[in-house]
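Below you'll find a set of structures to go through.
Same chain, two partners: subunit A is paired with subunit B first, then with subunit C.
So, the complex of A and B:
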């Protein structure tokens, strides 16, 4: 008999989320429970999970090498809890989701967060597949839940078709990895792929197909087609969530998957990953140029950012991992801030860019904060986005990946154009309509609280670098 | 039966599935293509596990194949549910006519 309790003791936050999942899906059937405030319970659950995760120490190999918890997984898990709590606040100020379904929505979000935590901790192909599915399936459903936009059903359908295709391709690739090495744990796979198999077609096919499922979660080219549609039609808070959290989870899975590679495989893997990164950056930034819908524009901007973050993955070393983690809190702040501002400014769910003409006249503070987030996304110096991009460029430069740096430079310049033209519409153009002031001041505070750290971290980023130092090694 | 025959059959299934995904216009038919992809992967796992079992873990491949079937079922449930929602909203399940979101 195998005793699971010592293993479960190292996964307290995962247990909290699992219980939360059951509670939100089944709790409604118990009479009287329905009256409890679901939002407060969800936030308390996230806080408890974050506290438990922060109190853990050491590196543990659990469940026969299926799951590994270490400083890497703990830091990323805490980021997931922070993002989720912020998105719950955003949900509160959006009327796109049915508030009566709060219980089910939070149940789906719990399942999604649990899946992301397992993606970050997985060290076995089976665990990786199940974690990816645990993230994908709730995302399909959450995208379809926009009651203000009938196209959300269409977007969800496209999302699910591309998603299951990517999963199928990934499973096929994994079956070849299994066949070539006879093992499923990440470390054994790389040990099994000796120097005689490196560079053979089947080697590239197996790893490339396995990478497909992960790049679908990151929305990297060529698995990005679902992204603009899903982001445009999903409820805006869910769009903000999807543009940050599952993307980060996919990157962490990639980093852990490739971390144990042998030196002889290093060059071929860097080559594959940098091709994906280059194509993603270029396609993301050029396709954004002709967008007229602001959510679609931010979707392409998030594709380009996935490419930037892939630069840090492609170098396959500890500096790369640190640079990726350094950029992620900054990315979270600027993306969530921008989306919150859009929720507040949009009227009648019209997200055409032209509908935001002259928004600065009626909402000066909000548009200023939005401008900080946008300029930071573009990577303009005084803001934190510049520092984050600088570190990613630096690790790529040290590795000598010059084509990738060139592509990143071009992509940065092109993306500057559409970010600035977005700001021009909001600030310089004449007001097209009157912006009725909304009752609550909380969204303005929310966006300002996203923008202020961006300015601060752009000038003094030492605390963040020190924090990111912990993800260098899996310990 | 040999391992190469199993691999050939699964490669055929994979090619058929990919072709259905690209060529078919009906959402349900596209889903059937995706199921073929998953089954190709499951067949591969079975073949590898039967002809060259992993040392120490001889059942790894077969357990993985079971999980592949499970994942395919879970995705099919959600996909068909969304397909019903699409049918209620638009009155058809044709991929060509779903073109509200483009740009």
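So, the complex of A and C:
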């Protein structure tokens, strides 16, 4: 008889999230409980999970090599909790959806977070598939949260179809891998592939198909087509969440999947991944040029950023992992800050760029903070985005991946253009409409709290580098 | 107290932040006075710490006077390590006292000067920020922190010159200062990069800290870059930075225009502190300059030229602040002359005395300008000594100091520079000597035109002209007293002194001659004596002779000014009516037409270049972007074609699902999702093909 308790003891945060999932789905049916403040409970739950996660130590191989918890997974899990908490704040102050659905929303979010945690910890392909689905299915529903909006439902439907397609391709690739190696554990797969198969067509097909499912989560080209539609139609806080968290989870899965490769396989994998990275950043930044909707623009910007982050994955070494982790908190701050700002500047859910003309006149502080987030996204010093990009460029440079650096350079320059034209619209152009004054100070505080660390980290990033030091090894 | 040194730059920065964020509200609710007091509080505290630490420092043994406080790591990328660290030693201690001491006095003075300005709070925020940046520059233990301060003071200077930006001329002056300084900054950066480049090649860890650099000079001295010794290149580049910041030829043009800013700014930034940053930088890196003899010679020549030309321009200006501005450029020339001949302590000493007397002069002129209702033309002044005795006498005392009247501070500092220049080359001395006379002439000219003779403005102004309030005149009086007395810090040996200032600096800054006598400059031995001086009788004669000569010469020119501007103005008018002197005066009054020359040779072609780049952007870059757009559209058409004819079959499953799953699905614009998935497939197939075929 297999004793699961010792294994579960190493997954305290997962347990908390699972209980939360049950609580939010079932609790509503129990008469008295419904009156409890759902938001406060959810945030408390996240805090508890984060505390438990922070107190864990050591590396543990759980459930027959299905799940592995270590410093890598713990650090990323903490980031998921932070993002979720921030998004809950955004949800609370957004007027795009009904308040009475909070219980379901938090249930879905719990499930999604749980899925992301398993994506980060999975060390077995089956676990990876389950985790990806655990993230995907709540995402489909979250995109359609706004039930009165037909566009939301349509986007969600497209998302589902696209997701099923990507999952199908991934399962196909996994069957190849299983056929070639007889195993689904990451380490065994790479050992089984050995050195003979490197360079054969089936090697590329198997790995490429398997990569499809992960690319879908990361929104890497060519699995990015769902992204603009879903982002545009989803309620903005959900867009912000989707543009950050599942993307990061997908990257962690990639990093763990490729971490055990044999030295002889290294070059071919690096080349494969760098091609994906190049295509992703170039497509993301060029496609953003012609967007007229600010949410679509940010969607393409997030695709380009996925490409930048893929640079750190493609080098397949400890420095790369550190650089990726270093960039992510910065990316979270700048992306969430930008989304929060546009939630509050938009009127009647009109996200056309031209609707933001001259916003600086009525909301100087909010637009200033937005400008910091945007310039940081563009990678302009002294904001933190520059330092983050610098580390990514550095690891690629050390690995000698010059074409990728060239592509990243071009993409950065191109993206600068659309970020700055966004700022031009808000700051230089004449006011097109009157902006209603903000009902509450919270959005300004929220965006400023995103912008200030960006300035601080841009000047003094040592603490973050030291924190990121822990993800170098899986220990 | 020394342990509190890191607070010195932080306090004014905090002050700037508080006033910058809440100053407007404070001024509106509590009042202007409270804003001013708040603005003065932080510099005052910083000054308290600086002076307290100084007395603690001199109580220590001479060998133990370098205190480096490591605060936190900063940039740490592979083997490139830079940290937040402050270096407190006799040199920076002296600078701290100048900056915080004069800074605090000027803050107090500003409370009166900026009275009733609507942007009172903005002024104090900027000037606090300036103090913070300047202190950072001085205290930084490595080149990067110094550069941070260097840029910070440049920014503040820009903000404060253009403080009254509603006047387009003032805003233009701010931009001019900023851009000219930028050229110098490029030099500073290049110098820093040169040092990094050769450190990286020779050492495990690249640092920019002064202590480490000093120990590495020997190694770096062995290399050449494009045929020049590395240290010469680096020293030259850093000097280019100093040319920009300290307004030497050819980049001095911004400083006279910088007089557009409020007068306290001119006194603090453009006379006492920021413009001397270049001198400080050379003193701080004397170990590098001592190994770069060609650069030193270059510095001496540039300095002598600057000294001379700006003094000649100063003789022909009518705007009282312009006279002082050109005088500042000329005095900076003296400092660099000292640096150039390797007499670092003499240059630094002149920096100290100049800070006192020039700040007093500027603040005095500010007081006059306010009393005259913002009139700066000396031709409309005269006889003001009766109306403003304190300002007037302070101005006269400071003038005595700058002319080098025996016993005043300028006498000791200028005399030492001239003596060191004489030891190096008679020609350098001759230029310095002539300029000393010109200085005396134009300063007394300003005094006589302003404070003596008949009042030449209108009756109304004369009636309203009065002495300024205490918070304005007391700082001037204090500085004038300092201008008279500071010289006794460094009395030469042949006059019974012992060069106590040079000896005080000697643990951190060694003059060129000592460095050569004692071998490498980093050997700090406690038995360091006063600078080695030739004790022979002949040298003593020369020294005394030089001194008597320059005193006589300056008194002579002072009397010339007295004669031409007070006793017998007719003689001057007669002289000026002749064609020759008139032409010379016109050239000088128009500053040798240098601004016009720069406009013609530099600014004009640059503007043409911008126009060309604008066209390039419009036609070539935009064209390329459009081309990319067309390519994208072409690809889209291709993908659509593939979708229609090849991929449809592959996605029939999806289509079937969407047809059968009911009403909700009909919302899908039919075909759109197929197209997307189809495009994905095509793309994916392309990527796979690339992998298989090319990898």
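Simple rule for what comes next: the second predicted complex is superposed on the first by the 472 of 475 C-alpha atoms of A that agree within 3 Å, B and C clash if a C-alpha of one lies under 4 Å from a C-alpha of the other, contacts with A are read in each partner's own complex, and residues count from 1 in each chain.
Everything below uses one rule, namely that contacts are C-beta pairs under 8 Å (C-beta built on N, C-alpha and C of every residue); 3 or more make two chains touch, one makes a residue touch a chain.
Keep in mind that what you see is a predicted model, and the values were worked out from it rather than measured.
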Contacts of A:279 with subunit B and subunit C, given as first, second, both or neither: second
Partner chain in contact with A:289 - subunit B first, subunit C second, else both or neither: second
Contacts of A:225 with subunit B and subunit C, given as first, second, both or neither: second
Subunit C versus subunit B, contacts on subunit A by residue: B
Partner chain(s) touched by A:205 [first = subunit B, second = subunit C, both, neither]: second
Partner chain(s) touched by A:76 [first = subunit B, second = subunit C, both, neither]: neither
Touching partner for A:165 - first (subunit B), second (subunit C), both, neither: both
Subunit B versus subunit C as contact partner of A:126, first or second or both or neither: first
Partner chain in contact with A:154 - subunit B first, subunit C second, else both or neither: both
Subunit A residues contacted in one complex by subunit B, in the other by subunit C: 150, 153-154, 157-158, 161, 165, 169, 290
Residues of subunit A that touch subunit C when the two form their complex: 150, 153-154, 157-158, 161-162, 165, 169, 199, 201, 204-205, 208, 212, 221-223, 225-226, 268, 271-272, 275-276, 279, 286, 289-290, 394, 460, 462, 465
Subunit C residues touching subunit A - in the complex, by the definition given at the top: 72-74, 76-77, 625, 628-629, 632, 654, 657-658, 664-665, 667-669, 672-673, 676-677, 679-680, 682-684, 686-688, 690-692, 695
Contact footprint of subunit B on subunit A as seen in their complex: 125-126, 129-130, 133, 136-137, 140-141, 144, 150-151, 153-158, 160-161, 163-165, 167-169, 171-172, 174-176, 178-179, 182-184, 228-229, 232-233, 290-293, 296
Residues of subunit B that touch subunit A when the two form their complex: 10, 14, 17, 21, 27, 30-31, 34, 37-38, 40-42, 44-45, 47-49, 52-55, 57, 60-61, 63-64, 67-68, 71, 74-75, 78-79, 82-83, 85-86, 89-90, 95, 98, 100-101, 103
